[in-house]
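Dropping the structure in here first, questions after.
Think of it as A, B, C, D, E and F in the order they're written, each chain with its own count starting at 1.
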Amino acid sequence: MSVWLQENSWQELDKLRIKAKDTIIIPVGSTEQHGRHLPLGTDTMVATMLAVDAAEKAQVLVAPPLWYGWSPHHMVLPGTITLRPEVLIEVLYDVMESLGKHGFKRFIVINGHRIVNIPWMQIAAERAQRLLGIKVVIFDPAYMSKEVVGPLGFGAVGHSEEIESSHMLYKHPELVHLEQAQDNPITATPLYSVDPRFTGDTLCYVPSTLTHMQNSVDVAGGTTGKPSQTSAEKGQQYHEHLVGNLVEVIEQLQNN
Amino acid sequence: MSVWLQENSWQELDKLRIKAKDTIIIPVGSTEQHGRHLPLGTDTMVATMLAVDAAEKAQVLVAPPLWYGWSPHHMVLPGTITLRPEVLIEVLYDVMESLGKHGFKRFIVINGHRIVNIPWMQIAAERAQRLLGIKVVIFDPAYMSKEVVGPLGFGAVGHSEEIESSHMLYKHPELVHLEQAQDNPITATPLYSVDPRFTGDTLCYVPSTLTHMQNSVDVAGGTTGKPSQTSAEKGQQYHEHLVGNLVEVIEQLQNN
Amino acid sequence: MSVWLQENSWQELDKLRIKAKDTIIIPVGSTEQHGRHLPLGTDTMVATMLAVDAAEKAQVLVAPPLWYGWSPHHMVLPGTITLRPEVLIEVLYDVMESLGKHGFKRFIVINGHRIVNIPWMQIAAERAQRLLGIKVVIFDPAYMSKEVVGPLGFGAVGHSEEIESSHMLYKHPELVHLEQAQDNPITATPLYSVDPRFTGDTLCYVPSTLTHMQNSVDVAGGTTGKPSQTSAEKGQQYHEHLVGNLVEVIEQLQNN
Amino acid sequence: MSVWLQENSWQELDKLRIKAKDTIIIPVGSTEQHGRHLPLGTDTMVATMLAVDAAEKAQVLVAPPLWYGWSPHHMVLPGTITLRPEVLIEVLYDVMESLGKHGFKRFIVINGHRIVNIPWMQIAAERAQRLLGIKVVIFDPAYMSKEVVGPLGFGAVGHSEEIESSHMLYKHPELVHLEQAQDNPITATPLYSVDPRFTGDTLCYVPSTLTHMQNSVDVAGGTTGKPSQTSAEKGQQYHEHLVGNLVEVIEQLQNN
Amino acid sequence: MSVWLQENSWQELDKLRIKAKDTIIIPVGSTEQHGRHLPLGTDTMVATMLAVDAAEKAQVLVAPPLWYGWSPHHMVLPGTITLRPEVLIEVLYDVMESLGKHGFKRFIVINGHRIVNIPWMQIAAERAQRLLGIKVVIFDPAYMSKEVVGPLGFGAVGHSEEIESSHMLYKHPELVHLEQAQDNPITATPLYSVDPRFTGDTLCYVPSTLTHMQNSVDVAGGTTGKPSQTSAEKGQQYHEHLVGNLVEVIEQLQNN
Amino acid sequence: MSVWLQENSWQELDKLRIKAKDTIIIPVGSTEQHGRHLPLGTDTMVATMLAVDAAEKAQVLVAPPLWYGWSPHHMVLPGTITLRPEVLIEVLYDVMESLGKHGFKRFIVINGHRIVNIPWMQIAAERAQRLLGIKVVIFDPAYMSKEVVGPLGFGAVGHSEEIESSHMLYKHPELVHLEQAQDNPITATPLYSVDPRFTGDTLCYVPSTLTHMQNSVDVAGGTTGKPSQTSAEKGQQYHEHLVGNLVEVIEQLQNN
């Protein structure tokens, strides 16, 4: 028995759906540059490993992952694949509509592509809730690790920084090349921070322009943050914190 | 001389644009229920009063307001007007494209409809930056007042709560009917908060369903929060804090 | 009590809707160059001043104005903002759908941007009537002043000509700079006239190309017609004629 | 040699295009109920017979006809085919873009479906002029016969009335069944007329609802006007007037 | 009495629909280059002549033809008109929806533009079957002549080759200029053939690029195949085979 | 070193792209019911295993798989996920556009969802070739195994039949439950076959209606064909035939 929907036959799936109380996780990430030391698929792998571990604990299902996200800014480096957010809205909506027709009622969309995918997911989620009569929540690791990132000694959310690197090192060590990692410490900008833990006044997030991204390319091969602080152990604690939260979210959903 | 683009002739406007260093504010709000005590246009009025006061200080221009936003959840009460977010993306993009063709290069989009309008604004802003070669920032009062709301003794961001009510009482006392206001204190939900000041782990915002909204209707005529704590004086301090931030944002934009 | 929807709370609005026999006016204009003497917002101001005066007489409501219209040809001069007509159709449809859900059944869309906005309004209006079961009429000052323009001694419909200028001078004298006005008399073209009073055979209206518009720019700063004939008094008579017609249209709608 | 583009090979067509000074007519009509006495294809046949006769005189080309138009109101009776206007805009645009790439620069779109097709044609024409650098005019028989309809003794523009019936009787007598025709005299409505010759104040045209159309169905099988006044001779005069105007329009286009 | 829907009045049409057991043929072709010897409208003429002859035998109806198809590759030569396939899907869907509302239940879409139009027709047909509760089949001469083309001695499916040329010579000899025809024998490509009779492994069809098309232009004015083998007699046999199949398809549809 | 794009960092990927002569495979499948014995993800797994094995031989890259296809007919059974084909066109286009910007020029799209996905892939492929200047081929196992299926003793292409079952048993035995398999022999229909090997005249493929699909559900749990004939050995031969063809296709692409 697998938590992956796609590894079950339709009759197995239908039984598992009932056991899962109509709950399913949709892992969404991106395929985009992650510095010189992390694989292009990092964000989708992150969404997937959270989904699978929580699904096994909570006995729910996981839909096949969507490997493509909204990454216009990371087109600055090769291998990045970006879909228009208008298209992504429709993809996610259709996936939820299909599953909704088969009786799924509780959806957790995991955004492995921290922060950036949220806008189009919100638009798809609202439409799905309104038209399909389902419940949808969006689970983003950056927003769901606010309480643990500080205690672990991690810095702010950047890109391919020590947080993502530790997480990947814990789960996919064979794909992490720490010796290639370059630091690019995050410096404060007045009235702007992407980090959900930031307590000051801030403008809202807008993906950077390619011109602006070029700087992190020149300095650190696309990295922002300090991958030199990477630790598999901390990655594990970070992972377990997120999986714990995800299981709790599922239980809340199922009790409403 | 007016900071409103629409009150100038094209030749006045063109001169003012140069003086404004190609900077323009686009005030966007919503038309939606705001409890029994605030007018339906509150969000657009908020965007507008911030825009005008900052524009006068910073000598920049203000585009005509967009009175319509994304308010599917507030359709639970009469007078609410909601546009599909897919449509709003295109509206904002076209406005920026038009102004970009006339030489404007720095755009501040003010979201008077705190939190909710952000997703479609982000999508429009990214596309505009990428295709038009302009710079766009999104200024949301909830994210830009994180440092002042606590000191002022305001509670969490709700709807038509003491923050909005104080702001409106300061600037539009004739439209505020405090005697009609009903309190609906915000209670903590595990792992979820809309408030940008919330420091705990949280799911991402998704507009509520109509079913869920019905509760705040039944309890307090559409209000969430404590309008009983409304104060014109605090409204003024809140306003001045935001205008100060907005002027600073403009200066930063102009110096980049 | 205000006729503006946005200045009322939802509970006031709902009472006013019943008094208004489910009738609401949607003022739509444009933001576009209006010669050297009129403000960029002229068309929306015109729609708004007709809407408000008629609404007060007929005790109906007015929705927040849409400041943006279809003005591709006026992009020839700065300050003009144009939306794609495909987008405008959706905006107007969503506004009517929202209000239709709250019980409004009779809609008057005022086109302050004479002639040009009609096509997309027709498409939105037909769809709204068909899908929402409401009644929609389009009120355009140029088509609704055919009987009065001649007697007042005004020439043909142009742009920023004596008709618009007189109307604005009557209602917004502080925004009119007649000393800047330039005449650009309208010369007859065989088989083509934009003017609804034209009795000869004619091709249908298509917005001019930018190349063609350049002529009116070079000659008269974007004006076509004779603003030198402007008169606040005639503007008042023109206004009252239109308001009278608008009130009559509302009564007809309410009696069907 | 045929004026129809589709009856020529590409090499013949290319020679004819030069002879035609890059001018082509696109006949567009509708397929919709035309009372009990006229065929469903009347509007497209009208566009086609005007196009062919003028093209032969002026030595220009005719594109294959578009048999489908915007006819939501005529869906009240069988055989009517209606396309969404949003789709029609794209069809016409693509046709013009294709021909524009082959060197055509002057386009006359004939609207055999009087009045109703104009809005989407205007939107397509403006976009085509702006993006393709071509010139497009819209030729509508109702607007191009204002000077002749009165002298011929015809009444106002209705549907399947004496004007259309006479025109069809002249050119397609075998498809006209006058013995089935039913009169349905047009009565004046205050402040509203579809007829381009109407000199009074009027609301703009919006296609009727199906409920409203049912009346003309009940009274006269879908006819509005007086087909009893049909005359092949007058049909010929009407036709020749229109062809004359069309030839003049072509010459004007070619001399600009 | 005519099998063409557009030549009947609505009341005749409604009677014929019942006689036709709610069956209607929609002929779709293209307007595109067909070598130096065939007219640009060949594909639509082919669809039309099959439709009319089968309709007369089977007593069903024929909708007005759609003269425009998907021909991006043939834009290499003048006179070709191509619509985006996204637009064509909507056109065909709207035609079927309109007719479906009038009681038609069995649709045969004829693709005179062999092979190329199939993709968008499939998408429109599936949607129409699902949403409208009708039955739709796609009849393509290339797929429906697999059994006769070999026996007739014709070569593979190309463009303007002996198959199309014979068909046109039989039905429209006045439009065929065999003296202009140029041969361009089809040579085998490994693992790729457009011909439905091809029995080897093959990639799927994708319309050629303009660069690739240039070759057939240079060699044979846009022809692929051997028009020198054209025969009106074989054209007749080919036609009768297809008409026979079409009648059989109609009967099957009517008996299900 | 991995052939999967997503398992490489951007700098590894860029080196591999050069080695791959700018060639990349995009595996696309579906998530849909595959009888009682095969997993829901069969089609994507098929696309993936062909892609990986050929990529390793030919030293090219593989993009992350798209797990979602066009499966409206299989919505008859739970677990099926279907995207609108209009959405799939845009997804595939965006993936190719992104990769095209990074220097990829040769694309092989594998359709693991035999036959059904072809239409939207064709539309995306043509657009991509035209606008991006890349070369795209569509590799469908059903069309690429025409020469081997007969010799292996397999029957016609159905659904979850002996061909797919053998292929899956060879590569994913742990996911195949042959004991659950039910036969549903394919019977000939006059003038219609989905099988690319069919040599008779045929209508074109259109996905079945849900009503029609219900039959195969009732008879054999969604299977069409004879899974009882499944053989891992034949599955291997089938796989190697396809991989051989795929490698040959890649070489052809690289030599053009």
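Keep in mind that, in the parts below, a residue touches a chain if its C-beta (ideal position, glycine included) is under 8 Å from a C-beta of that chain, and two chains touch if they have at least 3 such contacts.
Being a predicted model, the structure only gives us computed values, none of them experimental.
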{"item": "Separation of chain D from chain B in steps, with touching chains one step apart", "value": "2"}
{"item": "Length of the shortest touching-chain route, chain B through to chain F", "value": "2"}
{"item": "Selected pair, greater C-beta contact count between A-F and C-D", "value": "A-F"}
{"item": "Separation of chain A from chain E, taking each centre as the mean of its C-alpha atoms, in whole Å", "value": "49"}
{"item": "Rounded Å distance, chain D centre to chain E centre (Cα mean)", "value": "28"}
{"item": "Topology of the chain contact graph, where touching chains are joined (line, ring, star, complete, other)", "value": "ring"}
{"item": "Round-the-ring chain order [start: chain B; next: chain C]", "value": "B, C, D, E, F, A"}
{"item": "Footprint of chain B on chain C - complex, ascending", "value": "4-11, 13-14, 17, 31, 33-41, 44-45, 63-68, 75, 77-84, 87, 90-91, 94-95, 98-99, 101-103, 175, 177, 180, 221-222"}
{"item": "Of chain A, residues touching chain B in the complex", "value": "72, 85-86, 89, 111, 118-123, 125-126, 129-130, 136-140, 143-148, 190-191, 196-197, 199-207, 209-210, 245, 248-249, 252"}
